[in-house]
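Chain lettering (A, B, C, D, E and F) follows the sequence in which the chains are written, and residue indices restart at 1 in each chain.
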Amino acid sequence: MTRIDGRSPADLRPVRIEPGALAYAEGSALIETGDTRVLCAVSVEDGVPRFLRGAGQGWLTAEYAMLPRSTNTRTPRSASAGGRAREIQRLIGRSLRAVVDLRALGERTLTLDCDVLQADGGTRTAAITGAYVALRQALEGMDARGQLSGQPLRSAVAATSVGVVDGDVMLDLCYEEDHRAEVDVNIVMTDAGDFVEVQGTAEGTPFSRDTLDTMLELGWSGIARLLAAQREALSA
Amino acid sequence: MTRIDGRSPADLRPVRIEPGALAYAEGSALIETGDTRVLCAVSVEDGVPRFLRGAGQGWLTAEYAMLPRSTNTRTPRSASAGGRAREIQRLIGRSLRAVVDLRALGERTLTLDCDVLQADGGTRTAAITGAYVALRQALEGMDARGQLSGQPLRSAVAATSVGVVDGDVMLDLCYEEDHRAEVDVNIVMTDAGDFVEVQGTAEGTPFSRDTLDTMLELGWSGIARLLAAQREALSA
Amino acid sequence: MTRIDGRSPADLRPVRIEPGALAYAEGSALIETGDTRVLCAVSVEDGVPRFLRGAGQGWLTAEYAMLPRSTNTRTPRSASAGGRAREIQRLIGRSLRAVVDLRALGERTLTLDCDVLQADGGTRTAAITGAYVALRQALEGMDARGQLSGQPLRSAVAATSVGVVDGDVMLDLCYEEDHRAEVDVNIVMTDAGDFVEVQGTAEGTPFSRDTLDTMLELGWSGIARLLAAQREALSA
Amino acid sequence: MTRIDGRSPADLRPVRIEPGALAYAEGSALIETGDTRVLCAVSVEDGVPRFLRGAGQGWLTAEYAMLPRSTNTRTPRSASAGGRAREIQRLIGRSLRAVVDLRALGERTLTLDCDVLQADGGTRTAAITGAYVALRQALEGMDARGQLSGQPLRSAVAATSVGVVDGDVMLDLCYEEDHRAEVDVNIVMTDAGDFVEVQGTAEGTPFSRDTLDTMLELGWSGIARLLAAQREALSA
Amino acid sequence: MTRIDGRSPADLRPVRIEPGALAYAEGSALIETGDTRVLCAVSVEDGVPRFLRGAGQGWLTAEYAMLPRSTNTRTPRSASAGGRAREIQRLIGRSLRAVVDLRALGERTLTLDCDVLQADGGTRTAAITGAYVALRQALEGMDARGQLSGQPLRSAVAATSVGVVDGDVMLDLCYEEDHRAEVDVNIVMTDAGDFVEVQGTAEGTPFSRDTLDTMLELGWSGIARLLAAQREALSA
Amino acid sequence: MTRIDGRSPADLRPVRIEPGALAYAEGSALIETGDTRVLCAVSVEDGVPRFLRGAGQGWLTAEYAMLPRSTNTRTPRSASAGGRAREIQRLIGRSLRAVVDLRALGERTLTLDCDVLQADGGTRTAAITGAYVALRQALEGMDARGQLSGQPLRSAVAATSVGVVDGDVMLDLCYEEDHRAEVDVNIVMTDAGDFVEVQGTAEGTPFSRDTLDTMLELGWSGIARLLAAQREALSA
């Protein structure tokens, strides 16, 4: 079986990660997976939200938005800031917090801005994968400025999607596939092979435990390759 | 091991479902799981959202909100209508749509209002379980009024949560357990034993594939009992 | 003359007040007058609004909202939080403040949340009548915790509506009657027989002084019975 | 007893009404009662709100706002558009609709804009009294353009306030008196001596039936003089 | 060539400035230029915005709004608070700040409220011209209260518009001319003949350097006359 | 005199324009002027705003926003959508409309999205210069699809800023210079050497006619070079 862009079911799209894509941010990365392009910026600011004041730890939060013409037809700015965007930015924030020891940051807040320049499916998982690289860069700067107490990173983290399209399980769905998928699973995993998030959704057709198992295996194979791409980008 | 409310790890809290709790709604149910109480109402209105006009099918959508004093300390109304509420109502809507054949509804919109009167954890899963009962009542009324073309329901659907608390896997977390959980999974399944949604989140500690498997098994055992409670309520 | 629900003009609808209807609120009551159902919760929080800081007194405020399907046809949530709701919550707050000595509360704020579960007319007056019972419960708890300086309650307070429907003066209008009324008066009175609020509105037909006098007498007869229902609920 | 501005308890403040104060509005009036100044404009537009379409009648609605520096200290614009303003504009709209036969207007909407240039108490009652004059001017223009079917005005309408200040009943409270009043009643009446609205509020001290009766009598004496001032302005 | 209101191209409309038009504001002026009428109020409040705290200087800011029926047909309030209003109030604030030494004000904020009662073109330039008079009055009061350290005013400031209509350059456009203008320039100048703002806009037809030069000359001739009208109003 | 980045007063920063930077937009360009980077996208959609329906012409509008971390320190998204952004997008829209014959577009709307990826001063003028290139690309596509009636472009348009910094007139201010400038002029001109917009602002110090003349000359010299860079990019 061949996919609409010529890939086989277990193929990722080509991945390119450019660390330091922005001049002013403490950390940044531009990630491209196929035609999807997400610009990730990390800002380090003093202070923490009210609910953490005096707790002697830091905070990490994320924002996610799409440029109006990142999409095939124009999406009004107001629409791109709605419930879906909030759900995604909560996912990105949780995913990165799961691999960071917030106590090592001091009373500082790291804000991950993930702005989608072009959207061909998989923007939230690309954002997580790219944000990890931007975060590494920001943490190195904090380390150099003596702002860290201990090692803040517990593991690397990356994410991809898996889906069932016309009955076939496929890795890393592009927009066209995602649109037609019966089942869609977003998977976030660490380099220890553990899960940070699993979000599986039946779009109309409930799925069996066997299908879930197949999708989880395929997801891990993709994430392992994305973790390698992160390492390569960071060592370049 | 005993839990803070005396249950064993595989126990659900007591469930009570009262169909027809509201006089004016086309369908309604009050569901109580332990101290959690959710009032579910189904409204049937002519017309569909713009993106479906002329498609010859219906739509089903959900809204979720918490009363300010459903919680242990008061939550301002503005806070209870934020990103978390939108994420939950999207989940409820998707879960119910997954078991409904929208073509059987005609050009009508069914709105599920799930209002949390009291919150002791598991409000979103209780909302799904209760909304199914309210939906059944609404569909019976539509059938009696000759508004259905064919059987709209493909299966029953119910939901529960499973989590890891202090290293132990537990079913149907109350608020106190949910607050302390390292891992939290919300599971929505049909009476055929298939998945509609799986949302697993590591709160700080990534989880292994083995832990996931254990949680999915335990979740299904709880959902099977909730499906029985729904059947009982509907046949009463 | 018989009314659409079989009552005579001077009859109240059946009243039921359940104190302590919510587990977490400092005070609560569920009030039913006919098919109207309002859930009243009192939250006690430290601090006062900015305009009272340092004045050595407390504050009492109210919020009022309707569940979307409390009404005969669904009311969108945004609509139910508009100008009408604000006007009503200002009325509820003023009515309860009129019988409370705010200096006895210390620098604390009591928030009355009145949420309408089902609406068959008279929701604002039911909210006032029920809120008084919830407030009594909250003040007893404050007293037990040693938070009161002196007696905060000057009198009991209750409310009802009177109207002119098809030329006849009637007590405690249900929705259908309220909808058709030429004149509508909401009356809030203390157990000393004094007025806290009188809000009379001609819906299309101005009314004479004689009609006003008749309505005020009938209102007091209904309020006297509601005050008795409060006493009974509180002594149960 | 003399009041802070030298009036006796039964005195109105000096009233001045200037019809046609605006060049573009279909009807307009500037009303001054003491230092209170309200600019009233009537706009006549084709069409009616959705809930009246096809009903063969018109609609009349009001908006009320205060200029930021109408008040003694500056009020931010956002504050002046809150719940209090909405409550007042609903009152103004109801009061004028009570004397207008909406069927005579055809499918047109009359919008009364009441903008407070300077506020020294009694702005809502001045707005009603001035709006009537602006409305008369607008209706004359409609009549001249052949837009009316029948006589739209059933009677004249005017409004004033009465209150209890330091135990004394007083007519037409200025800001300083209103601020200190124990009881405040806004009264809207027609030239037939009937009530359109009575809104009595105890600010801290409930009031007796006798006090209410005294206030209603005093209110009518003031309204009779305001109705005369309207007639004079319109005949000038 | 004669203009629609009979003026010659280099004529201003009749100007009338009434200082002290409001009783409560620290400074105020009502300015009329032809049928355009703007009410300007200056409020003096202690404190400065966050970005200036501790800088030992004051701040001056402006707000601009139009009454709904200032215009030929009614403009909804929401529309009159949009992007255009914000652009204008930023212009007014900058223009007045350019002639004020903010250090002489102490840590105080002066807010200029410019509310358009009637709009026949040139409302922003009328607002600047009138606001200067209101500001002078407010500064005199501050001086009398000993609130100024040194002379805060560096020069007088006034503004007008110039445009190209049907190929002719004209001064002080009324609404009808402004609407048809090919080019529109707003000019703000001091009594030293220097520029504070020049905002030239081609509405469809770019304009040459020669045309710009002609417009700037004509603008200054009008501003000189407006500066004289300010002096006259202030010395009255 | 040398500037902080080594330029002489009459130098532009290095300019780079990449047409077609986005895959889905009908026209697009990424423009870099020094460290300032703006992504311009043109969307072509059927239909026109309400005020143009049936007028047989098209419309062109612009939106402008900054990514939160385009700036030296993070700017919250809500702040970047305020009054300043609206003022800029109105300028961009007017500037491009001035060189387009809207009748040639048919009843279509062209939306220019100008999103600032990195901000080092001059973002609004870069946006105009880049938007022209994106617009050319979009119009070529429309021409190829037969959607144009006649030649829509009357001339090319580009923009730059000029300012007075520490008494010296300088071209194309970077952020640091802009921040310290006493006078700031944004100039938009066509390739015929005519003005589309001139916006000159004194930041604290009014400026003379001589200074204005010098700035306008310098601005044109810069714009001529930007027009050349546009031609080069489009012919590549």
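FYI, a contact is a pair of C-beta atoms (placed from the backbone, for glycine too) under 8 Å apart; a residue touches a chain by one contact, two chains touch by 3 or more.
All values derive from a computational prediction rather than experimental measurement.
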- Message: Using the contact definition given at the top, which chains are in touch with both chain C and chain E?
- Response: D
- Query: Touching chain A and chain C alike: which chains?
  - Reply: B
- Message: For the two copies chain F and chain E, is the contact made of the same residues on each side, with over half of the numbers shared, or of different residues?
- Response: same
- Tell me which of A-F and A-B has more C-beta pairs in contact. A-B
- Task: State, to the nearest whole Å, the distance from the C-alpha centre of chain C to the C-alpha centre of chain D.
- Result: 28
- Query: What is the distance, in whole Å, between the centres of chain D and chain E, each centre taken as the mean of its C-alpha atoms?
  - Reply: 33
- Item | Computed distance of Cα centres, chain F from chain C, in Å | 59
- Residue ranges of chain A touching at least 2 other chains are none
- So that we know how the chains sit together, what is the shape of their touch graph: line, ring, star, complete or other? ring
- Note on the structure: chain D partner, complex, touching residues on chain C are 82-84, 86-87, 90, 94, 97-99, 155, 185, 189-190, 192-209, 212, 216
- Residue numbers on chain E that touch chain D, as the complex places them: 22-25, 28, 35, 39, 41, 43, 45, 63, 65, 67-74, 77, 81, 111, 113, 115, 117-118
